[in-house]
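Next, two complexes with subunit A in common: one pairs it with subunit B, the other with subunit C.
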Partner chain A sequence: MGDILGIERLNFRYPESPKNAVSDFELSIPEGEIAVLAGPSGCGKSTLLRTVNGLIPHMYGGEYSGDVIVAGSSVKGSSMRDLAQTVGFLFQNPENQIFMFTVERDIAFGLENLGVPREEMRARVDEALRLLRIGDLAQRAPHELSDGQKQRVALAGVLAMRPKLVILDEPTSLLDPKTASELVALVARLREELGTTFVVVEHRLDLLVGVADRLVVMDGGRKVLEGAPRDVLFGDDAEAHGVAIPAVTRVQKALTESKGGRAVAGRLLTPSELASAVEGRQG
Partner chain B sequence: MIEFRDVTFVHQNGVKALDGVSLRVEAGEFVALVGENGAGKTTLVKHVTGLLKPASGSVLVDGVDTREASTAQLSRKVGVAFQNPDHQLFSETVEEEMSFALRNFGFSPELVRNRVAWGLELFGLEEYRRSSPLVLSGGEKKRLTLACILAWDPQVVILDEPTVGQDAIQKERLAGTIQMLKSAGKTVLVVSHDIEFLWPIQPRVVVMKGGRVVGDGPSADLMQDRDLLGSARIAQPQLVEFYQALHRRPVAPFVHALDAARWAGETLQP
Partner chain C sequence: MMWLSGGFIFRKGYSFYHRLDPRAKLLNSVLMFVTTLLARSVFEMVLVVAFMVGLSAAATVLKRVARTMAFTALFSGFIFVVNVLFTRDLETSVLYATRFIAIVVSTSIFFITTSPDELEQVMKMFRLPRDVVFAFVTAVRFIPVMMLDTIQIMDAQKSRGLELEKGNLVRRVRNMIPILIPLVVNSVVRSGELAEAMEARAYGAAPRPTSLLAYRARRVDIGVACASVALFALAAYSFYFVIPVQFP
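Moving on, here comes the complex of A and B:
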């Protein structure tokens, strides 16, 4: 399969800003991958996402060079309407994308705008309700829901559009840990079942390293690290760029680096894997 | 310092958000409030600030019943950085945002200047002094609301999901700020899902579920109770999971990754 997202020598500077928010950025994401984008606050992640969903250059002015290709089409040459069907976007704060009187209407909103036939719309809304396990909320008013529930409603609205590429901007930050792991498992399942590509901006990597194919680290508007999550996290540079190293990885690194300590083979990601390895047990 | 006596609160839609909550937090204590989405954590916080009043039972802050105190009186004692900073920021510049409450509380112009400079420096926001709060990133806005609150030096500091949008470096600084508040004798209440953030700073942990307090104890004990945490949809810290998965292990779980690595290196030599 080809690349669903290609970023080619992208530079972008906001009007009246002295420096580029994104500099010389190159990235290729093959279809069906789960890629994680990390980096310190203010590193340019949000700007980069806006160049993918088309807010840049269509809504924001500024100096733009290079190209962003989504599903074979250049973002600067595509309409926002076309992009809305290809790229789904879940904002950091779900309140920015929930506004209808019932959860069900909210999920259907994007489909209504596209003129999707009624039966098809019904099926897609039901599927989204089921996927997110929020069927019991269908007739509730979104403003009565907790933040975690709002997050799930917003994601249901995104998935109902069946986009090829879904961008999640810190999707687990307002969710309790179990709900957060369920969301990550859901993302992995959707990738398997639908072949959807996900780009996830996330600081909490402990949840995602197990399912992600690629970890991209940005700093100062540039791409500074890229690779399989295990490789990037075990490298020496990730921490300096504000990436949260999971505790299991930190224990293993410290154990391997300590004087007289013994190396634990492999790059382990779960606490039980690590416990077995240090005690010399199998599996 | 804060006392909940059999507090019940029902939202207008009929949902019982607090269901017989009794809880006592002493002055200078550091408490983390955890629990699934909708467990009643934010409702509980709003009772401490007097934004909500109990339907039955009572809430006392520094000995004063919140039903008999004005929100202004309580806010001098209790500073809250809410989950969504957009609800708290309204001034034209970051500097003005920080000065606003200080002037309202009657601080002298000189003190206002000093406190603003202190807060901007502490939270790495100096470069935005004359910017609009609206241009800040989500993480920066959260730091600004926290700076605003700490500037007026309340006795109780409440942080609702403070790590959301913060990178690893900022989280470490935030942990440092909490240590600073503890050593200054502040009562600190943190609402957070970020168990990996909470574990190394070892708060007393209060677990909520369905509007009730279902668990309360030191981190080291409570975070080992897998069944309790699971029922409240809370994950265990990785270091506790690692500790519990070991066959041979020390008497208490590892607080820091380096402790775990040192112990494993010394004890488990082949």
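Moving on, here comes the complex of A and C:
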């Protein structure tokens, strides 16, 4: 499979700003991957995401050079109309992306804007309700939903447009731990069922290392680390760039330091990996 | 103040009247409105108001309509006093005062039984520009959100020592400033985020956007619309030809 996203020597500077928000950025993401983008606040993650769905340069002015290619076409040369159907964007606060008075009408919002005929729209709304298992919420008003439900409704509205690439901007920041891990499981399931590519900005790496294929770390507008999560997190630089190392990885590193070579073998990321490694030693 | 505003805000209801096509409800309210203008005596006006009260009861919204009436009674009393002073005609003054209540009730019945979704549909029927309709939709959609924001800001400012219920009127109004400024700033930030989310979901992409909801008039809607017209004709006829005019 080819690359769904290609970023080529991208530089972007906001008007009136002395330095670039994104500098010399290069990135390729193959179709069907779950990629996690991490980095300290203000490192340019949000700006980068906005260059992928076209808000930059179509909505925001600024100094733009390089190129962003989504599904084979340049973002600069595509209209917001086309981009909205290729790139789905789940914003941080679900409240501010639910527009309508009922859940099902909100899921239909993007399709109404595109002028999709009613029968097809009905089918796609029902499909989105089913995918996210929120059929029972279809007639609810936004203020009758919990934060986790709002997040699902907003994601359903994004998926109803059948994007090839979905961007999630800190999707768990407003969710409690249980709802957050449910959302991550949902993303993994949608990737399996639909083959959608996901780019997730997330600080809580514990949640995502189990399902992510790629981890990209940004700092000061530049890409500083990239690779399989295991390689990046066991590298020497991850901590220096402020990446939240998952608990299991920290435990294993601590064991290795204190016991020399006698710690559990391998490079572990998730609790289940740790569990089976410990069982293996005992058995 | 909160309980008074209830007279114009929609709440979910399941009566036959709530379920009617919004166009039928609009027609009915407009005709009731016009009937109140046609009534030429207190007796006729009482008939009209009695009809509206009966309708509110059937639509299970009588309590809230009663609130609307209580609220408008204040203004209505003012109208009565002014009229008595200028016309020195008691009957005409009572007529004008009750007419004011009747007018407000006829519109109130429409607004408390019609969901924002249906209002949007009605606005679209009148071919209002999409941006205007959407501005209305988001304004109503964010009322509960803004109310929560306000409560949070008030709590935050109170916990920092702001005393809202102290002092004379000027002081109290000035006390609202630390509530209003964060609220406005919040709303500006929110509207920026909304604009981004609208772009990301192709707002304005198609010259003719479609709609998930289809309003097709059922037999009962057409029946109610015909009944409204018939009743209106009957009222107009009897006001002018059957019930004798009681004042010049």
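Please note the rule applied: the second predicted complex is superposed on the first by the 270 of 283 C-alpha atoms of A that agree within 3 Å, B and C clash if a C-alpha of one lies under 4 Å from a C-alpha of the other, contacts with A are read in each partner's own complex, and residues count from 1 in each chain.
Just so it is clear, contacts are C-beta pairs under 8 Å (C-beta built on N, C-alpha and C of every residue); 3 or more make two chains touch, one makes a residue touch a chain.
Given the structure is predicted, the values throughout are model-derived calculations rather than measurements.
Trainee: Looking at A:Pro271 after the superposition, I want to know if it touches subunit B, subunit C, both of them or none. Which is it: first, second, both, neither?
Mentor: After superposing on A, A:Pro271 lies in contact with subunit B but is clear of subunit C.
Trainee: Mind working out whether A:Val125 is in touch with subunit B, subunit C, both or neither, as first, second, both or neither?
Mentor: second
Trainee: Please work out whether A:His143 is in contact with subunit B alone, subunit C alone, both, or neither, and reply first, second, both or neither.
Mentor: Only subunit C; A:His143 stays clear of subunit B.
Trainee: After lining up the shared chain so the two structures overlap, which partner does A:Asn11 touch, if you call subunit B first and subunit C second: first, second, both or neither?
Mentor: Once the two structures are laid over each other on A, A:Asn11 reaches no partner at all.
Trainee: First (subunit B), second (subunit C), both or neither: which does A:His58 touch?
Mentor: Second partner only.
Trainee: Please work out whether A:Ser28 is in contact with subunit B alone, subunit C alone, both, or neither, and reply first, second, both or neither.
Mentor: A:Ser28: touches no partner chain.
Trainee: Pick out the shared contact residues on subunit A: the ones touching subunit B in one complex and subunit C in the other.
Mentor: Residues 93, 95 of subunit A touch both subunit B and subunit C.
Trainee: Given the complex with subunit C, which residues does subunit A contribute to the contact?
Mentor: My answer: residues 50, 53-55, 58-59, 79-81, 84-85, 87-89, 91, 93, 95-102, 104-105, 108-118, 121-122, 125, 142-143, 157-158, 161.
Trainee: Name, in rising order, each residue of subunit C that touches subunit A in their complex.
Mentor: Residues of subunit C touching subunit A: 115-117, 120, 134, 137-138, 140-141, 144-145, 190, 193-214.
Trainee: Subunit A touches which residues of subunit B in the complex?
Mentor: Result: residues 11, 13, 35-38, 83-84, 86, 137-140, 161, 164-171, 193-196, 230, 233-235, 237-239, 241-242, 245-248, 257-258, 260-262, 264-265, 268-270 of subunit B touch subunit A.
Trainee: Which part of subunit A faces subunit B closely enough to touch in the complex?
Mentor: Going by the criterion above, the answer is residues 38-42, 46, 92-93, 95, 144, 146-149, 170, 173-181, 203-204, 206, 239, 242-248, 250-255, 258, 260-262, 270-272, 274-276, 278-281.
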